[in-house]
Each structure stands twice: as C-alpha cells, then as structure tokens.
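Chain naming follows the written order as A, B, C and D, and within any one chain the residues start at number 1.
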Amino acid sequence: MSTTHEMVEGHLSQSLENLRTDELLLNMGPQHPSTHGVLRVVVVTDGEIVKAAKPEIGYLHRCFEKHSENVDYMGVAPYVDRLDYLASMNNAMGWAIAVEGMVGIEVPRRAEFIRVITAELQRIASHLMSFGTYGLDMGAFTAFMFGFRDREMILDIFEMMSGARLLYNYMWVGGVSRDITPEAIAKTKSFLDYFEPKIDEYNDLLSFNKIFIERTKDVGVIDVETCHSYGLTGVMLRGCGVKWDLRKEVPYSIYKEVEFDVPVGSGEMGTLGDCWDRHIVRMREMKESVRIVRQLIDNIPAGPHRGKVGKVVKVPAGESFSRTECPRGELAFYIVSDGSAKPFRVRCKSPCFLNISTLDELTRGVMVADLIATIGSLDIVLGEVDR
Amino acid sequence: MIPSDSVVMTSVDEVLSWGRRNSLWPLTFGLACCAIEMMATGASDYDLERFGCGVFRATPRQADLMIVAGTVTLKMASRIRTLYEQMPEPKWVISMGSCSNKGGPYWHEGYHVLKGVDRIVPVDVYVPGCPPRPETLLEAVMMLQKKIRVQESSMGLLGSLRKPA
Amino acid sequence: MTFEEIHQKLVAKFPQAVQGIEETAPEKSLKIHPEHIVAVIRFMKEEMQFETLGDLCGLDYPALPASCVAYHMQSYAHKKVVRLKCYLPREGASIESLTSLFKAANWLEREAFDMFGIRFNGHPELRRILCPEDWVGHPLRKDYQTPDYYNGMPVPLYFDNQDESTAGNAKT
Amino acid sequence: MTFTDYLEILRDIVVSTGKGMAITWRTFVKVTTKGAITIQYPEMRDQIPLGSRGLLFNDVEDCISCKQCAAACPVDCIHIEADKKDATVAPDFTKGGVRKTLDLKRFEIDISLCCYCGLCSAACPTDCLYHTKEYEYSVYERDKHIMDYLHYQR
C-alpha cells in the first residue's frame, strides 16, 4: 500500500503532464510607451519568459532615399536632419562631409571648429535623451526630468546659432550656414561649467543605483563575434570592450587635433557587453564630449564660416561611401552621382537598423522586463531605422 | 445666510465642460520628431501638466486626447484609426506638425506617407511647425479648451454625449 | 593594405570572379561576377581580415538596363572599406544570400528585396521589411509609379487634374 | 544567494537610492528657493533669440518675383505667379532700388507643407522673404495655413 505521500506525488505529477499551457502571442504594438517610437515587437511569451521577440519595423518609413533622388544636394540636408532626429547635427555633418569629399571643397578652419563643437554638443544632447528615456524604461522618472532640463539648455544654444530647436539645417555643403556669435560661445561655456559636475550626479542618481544595476547587469549580453556578425558599431561595439571609435581610428574634420579618450565597457557590474556597460559607456562619452568642446570653444580661428560654393552644388560623376561617428553608431552615406544637380542614388546605412535586428537573438528566454531593458539599451531612433 | 459671493450658480453643463477641458488626458503616441518636442513640452521646462494635460496615458481606453505627433505612414494609418476608435467618446485630436497636417516635407515623393491625418481621423486643432515649438503646442491645447467650452455649453448635457457622428 | 593590393589578391585567388575596377571618383569599386560573390566575401572575411559587412544595398540602372547589389566590406584591422558591385539583369534579378556568413545580411537583403525586387536565394525569410506586406511594386526603382489608393486611402496629395488637395476630411 | 548576500543587496539598494534621493532633495530645495525653471507660458514668454526660424513672411513690395525661393525650396510649397509688366507703365522700384520687371499676381506659401529649413530666405536676393519669430498660429481648419502674402493681414 503506497504511503499517502506517494499517492499525492503520483497524482500531482500525473495531472501536470497533460496540463497544456499555450504560449501567448503578444503584440508590443507600434504604440507602446517603452518602444522608443513606432517599433512593433511580436513577442511569443510562455508566462513571463520570452520565447521569441521578432521586431517589425517600417511604421515610420518616410521614403528618404526616394526623396533624395528628386532634390538637389542642398535640398537633401533637411531630409538628412530628419533621419536620426535626436542627433540632427551629426547626420548633417555626415552628409556635408560625404558631399564635400566628392566635390573636393576646402572647408575653412573656422567652419570645422564650429562643426565639431555643435556635433559634440549634439552628442551630449542625444546621450542625455537616452539617459532620460532609459531611466523612464526602468521606472525612474527623475532621470527623464533632469535629462530634459539639461537638454533644453543645449537646444537654446542651437537655436541661438542655427535658428531652430530640433532640426537645424545648419551644416551646409562647404561649411555652416551662420557664423557663431559671442553670446553663443559664452552660453556654451557656461553650459559646460554647469554640466560637467552633473554627469557624476546623474551617475549617482541612476547608473550606480543598485536597483538599476540589478535590472541591467547580465542582460542583453553581446560578445564581439555577434557584433561583427551583425555589423554593430559605435556604443554597441565599445560596450563589449572593443576600442573602436571612428573619430580616433579614421579621423575626419579636425578630430585628429583634439585629444580625448574612448570609454570602453569593462564588465564592472556584470558580464562584459551587457546593458549596464552600454549605458555607462554613453555616460562617460558625455564627459569626453565636454572635454572636446572645452578644447575648441576658446580658440575658434577667425575667417569665413563657409567656403566658396555656388548656388547649386555641382557634384562630378562618381560614388563615395563616407562614414561618421554618430551617437548611435557609424552612420554612412553611399552617394552615387551622375554629374547632374540631383544625386542618382543616396543610400543611408543606419546603425540603429542593425542594432534592432539583434533583438531576437538577444532576448531568447529572458523575462519580459529584460526585453524592455534590452530595447532601452539599444537606444534606437525609428526615424533612422525606417528611413 | 450664505454670503452671496461664495456661491457660484452655473449649469451642470458648464461644470461638466469645465471638468473635461481641464483634465484632458493625452495618449502617449509619439511617431517621429514632433514626439520629441511633445516630450519636451511634457518635461520640466514647458510643463503640459499646468493645463491638466500632463498625464500621458499609455492605453487609449483612458485617454481623451490624441496628439498625433509625427509622420503618419500608410502602414501606421490603420493602427491610428483603431486607436482612435478605442478611445471613449468625448475625444479630441490635435494634429501636431506639418507631417500630420498635410504630409509636410514628405508630400512630394512620399509614396508611403499619408498626406494629412485628417484623412483617417477628424482633427480639432492643427499645430503648424516642423517641429512646432513647445509653446505652440501649449497654445493649441488652450485653443482646444476654448473649443470644448464653446462646443459643450452650446449642446447641453445630453448633447455633449451625442458628439456629431 | 591599399586598394590595389586587395585587387591583386582577389584576382590571384579568383581570376574569373573579378571583372575589373570601376574608376569611380573618390573611391574605386570592384566589379564581381554574381555567381562567385559568396566565395569572394567568404575569402575576404576569413583570410583578408574584413571582419564585418558594412552595408549591402540595391541600385537600379535603367540605362544599362541592370540592377546591381553593392556590398561594402569593412575591415577594422586595415581601417578600410571596399565596395564590391554585382550587376544583375534588371527584371527578376536573383543572387546568392550572405546570411550564412553575416547575420546583418538578413535584414539588409530583405530591404534590398523590398525596395528593388532583387531575390536572394537561400534567405531564411525573404519578405518585405519597410513597406507593408501587401504593398505592390518595388518603390526605389526609377520607373515606380506612386499608387493612387492604398487600402481605400488616397495616397498623393494632389491628383493630376485637381489643384485643390484631395483632403476628404474623415467623419468621426 | 545566501541570506548575507540578500542583506548586502538590500543595504546597497538603501544606500544608493538614498544617495539618489539626496540629489533630488537638493534640487528640490534649490528650485523652491531660487525659483523653478518652468516657463509659465501664457503669462511669461520665453525670450526667443534673434534669427529664430518661425513663420515665414514676404514683404511683397520688395519682391521682384524672381522665383529663386521656389527653386530652392526642397518641398515645393511656394506657389508664385507673375506676368510681364508692359513697358509703357512707369517703372517700379523696390525699396532697395531694384527694378521690378514682373508684376506679382500670386505669392502663396503652404505652411502646412513647409519644413522651416530656411533655404528660401537664404536664396532671396532682395531679402524680402524672411522668418519671423511668430510661433502662435494654430488653427481649427487646415486651409487657413495657406499663407497668401499679397493680401495678408496679421
């Protein structure tokens, strides 16, 4: 006679076998507070565990490449600003450098200085945005408020320089559209003095908060092999320890005259290449950007702010693939020109497009909350993903 | 006796309309660059919360106001129509930015862009700009509140529930 | 490692694959025969330290008439980017897929198929990525006509004969 | 995960969250004493810098209808119609002294298509088309956004 224990065990194990639990197909739809825009992730979950998370994109496909075939080279700049609308200055700089490489215009030194200053300020603003929204994803509302408060100061500087708050059309082919004024220089300097200590404050506020660490360490781990296979660049690559920054390795503009170092993830809190590493690399990159702007802001040389460029930019026939380091990775423009006023074909290789394609492989078998943490750490902008 | 200045005589409609227009709960619904300016409006510098409009609800079930901020693409259009239908009845739409007004810079070659969100959703206030300044969005919210005051009180209590179909 | 050395190495290894150099302005590009593209890229990945596929995009040359796939191989060791171009017939072009070598190729090829209609044999799930599933035509081809209606919604702002925009404000 | 690890994590959480709370508290004190940074919009307006790109405006007297702006606009939202002036009429000059050879009949900018990039105001030879600092012109009907600058009342 089996003891009551065995009977209960037998009954329990027997009844659990044919207990069929279905997997839930969940649409983390195009409208979702933590998908950073119109990204749709089709999630197959077994309870809390994510079986598969296939991202669906294309909800913000605005036909950039079709537009760039029907507008002249100066007219493409407003569309390039709207690609990665959190880092418009970096996109515009990438586009301007690509076209100048083909035409061979000599950009005056003053314009180069102004360009690097604005590009680095834009990098700080973009990383502040990523810091704010990543805090929001993890439930920390103050990070969003602090991040936006400081970002507004940078937007005020840009409005004084270029006339617009978010999409500037400031970097024209051959230089910059308006000269930098002494008030803008003074305001930048006061911003730098105000902002430098704030980065450590924000690290104490969010990055070294134990709850934040527990939520992001060992989550969404990427190794170097996956990076090369997916073609990931920028913060994703530096997050897993590879010291590769285009501004250092293949320096364009005047980055070779500026010294700064490249922060690299080192697996302090968890394994190497997890969400926390990527976050801390972005925070330390802000410090480096402040250092760069400090070195340039005081000795902007005199001279014209734009080189000799006619009303219509004439580009000789040819092809060029030029890469620049954007806050989200290496943004490249592959321009095919047939010598007419309009480009024959413009291909924008966007880093976020490849970043989000890794989502399925990163989030197999994780909790749904970690799926949100991984999407937040990829720091995607849908304007650039869908082009 | 009740001191006369402390008593406010008003119709139930006025109170209903006053309550509605001062607690418009928007739907978190950012599409593109205008969404960043909408978030900047919601953040600390230009506070949308001062107009009772700062509580961004994630689900359409609890939202009264849909701010369409960004480019409406054809793939997204059916979703916007579904979201609009899921919102409870007294609902309003603000179309923010040139893209959702009439297609904006993407009207010429945008094969995948819907030329204006008012083709799928009735719009109450059009906000110009690309992207509009946060103050422009605040002014649009104030214009919408004016429109609610005029529209509600003129139709009476039951009228306000029977929005023109 | 300059462009000429890379060219020599590839010609030495694949004499019939490399069809020549295109003298395009700032950077030259290599014309590769479509049949051997996977072998060439595998060789570049394993032996010539081109660790990652920088970009893969489609092009449409109505004049030739040909459609083309441009591969940009990126090397961290040499700090260089090399462009390989494969010319394909304009209608019904198809080429071997690179998903066996690079996982980035999965999405990049889906976009090239979506925009130009170039089929990639051996791709795990070749379907549209940017346009909706039921979209007709491949938009980035030069002879593409914007559809007049999609799911009942008018697409162009002005129809040819009207100046006034086809607003058609929707009822509630 | 022994009990001491659990306690350790608990201690870290309390310490780091406390540090974060301290930062928020300091900000709270600073804000209540020195005043919030929120711009009380309708009563208090933010000071917009010079040259900020708001609503476009065309000073029609100076316009020589050269259509440079329409050509430079990447979005084609500027519609201009002008016809020849017959030579018999006395010549007409802009403020800047440029001779106007064309008679402007229609100058409209569809603001709900415009992307405020500023390429048109840069291309204008007589600088009559420029961005004002105006940003409060939301409307209830979209057709009011087609700005007709010939009979323009603001």
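Things to note:
Assume a contact is a pair of C-beta atoms (placed from the backbone, for glycine too) under 8 Å apart; a residue touches a chain by one contact, two chains touch by 3 or more.
Predicted model only: the values in this text are computed from it and were never measured.
The pair with more inter-chain C-beta contacts, choosing from A-D and A-B, is A-B. At the centre of the protein atoms shown, by the Cα-centroid criterion, sits A.
Centre to centre, using the average C-alpha position, subunit C and subunit D are separated by 38 Å.
Taking the mean of the C-alpha atoms as each chain's centre, subunit A and subunit D sit 26 Å apart. Look at where the CA atoms of subunit A average out and do the same for subunit B: the two points lie 30 Å apart.
Subunit C has its Cα centroid 42 Å from the Cα centroid of subunit B. Contact of a single residue of subunit D with at least two other chains is seen at positions 37, 74-75, 115-116, 142.
Multi-chain contact residues of subunit B, defined as those touching 2 or more other chains: 44-45, 75, 102-103, 105, 107-109, 111-112, 116, 118, 123, 130, 133.
Contacts with at least two other chains are made by residues 58, 61, 63, 66, 78-79, 149, 167 of subunit A. Residue ranges on subunit D touching subunit A, taken from their complex, read 9, 12-13, 15-17, 19-20, 23-24, 27, 37, 48-49, 51-53, 72-75, 115-119, 122-123, 131. Here subunit A touches subunit C in the complex through residues 57-58, 61, 63, 65-66, 101-102, 226-231, 242, 244, 249-250, 316-321, 323, 330, 332, 334, 336-337, 345, 347, 349, 353-354, 357-358, 361, 386-387, going by the rule given at the top.
Contacts from subunit B toward subunit C in the complex involve residues 74-75, 77-78, 102-103, 107, 109, 111-112, 114-116, 118-123, 163-165. The residues of subunit A lying in touch with subunit D in their complex are 71-72, 74-79, 140, 142, 146, 149, 156, 159-160, 163-164, 167, 169, 177-178, 201, 204-206, 208-211, 214, 311. For subunit B in complex with subunit A, the residues that touch the partner chain are 27-33, 35-37, 39-40, 43-45, 56, 58, 70-71, 73, 75-76, 79, 83, 105-106, 108-113, 130-131, 133.
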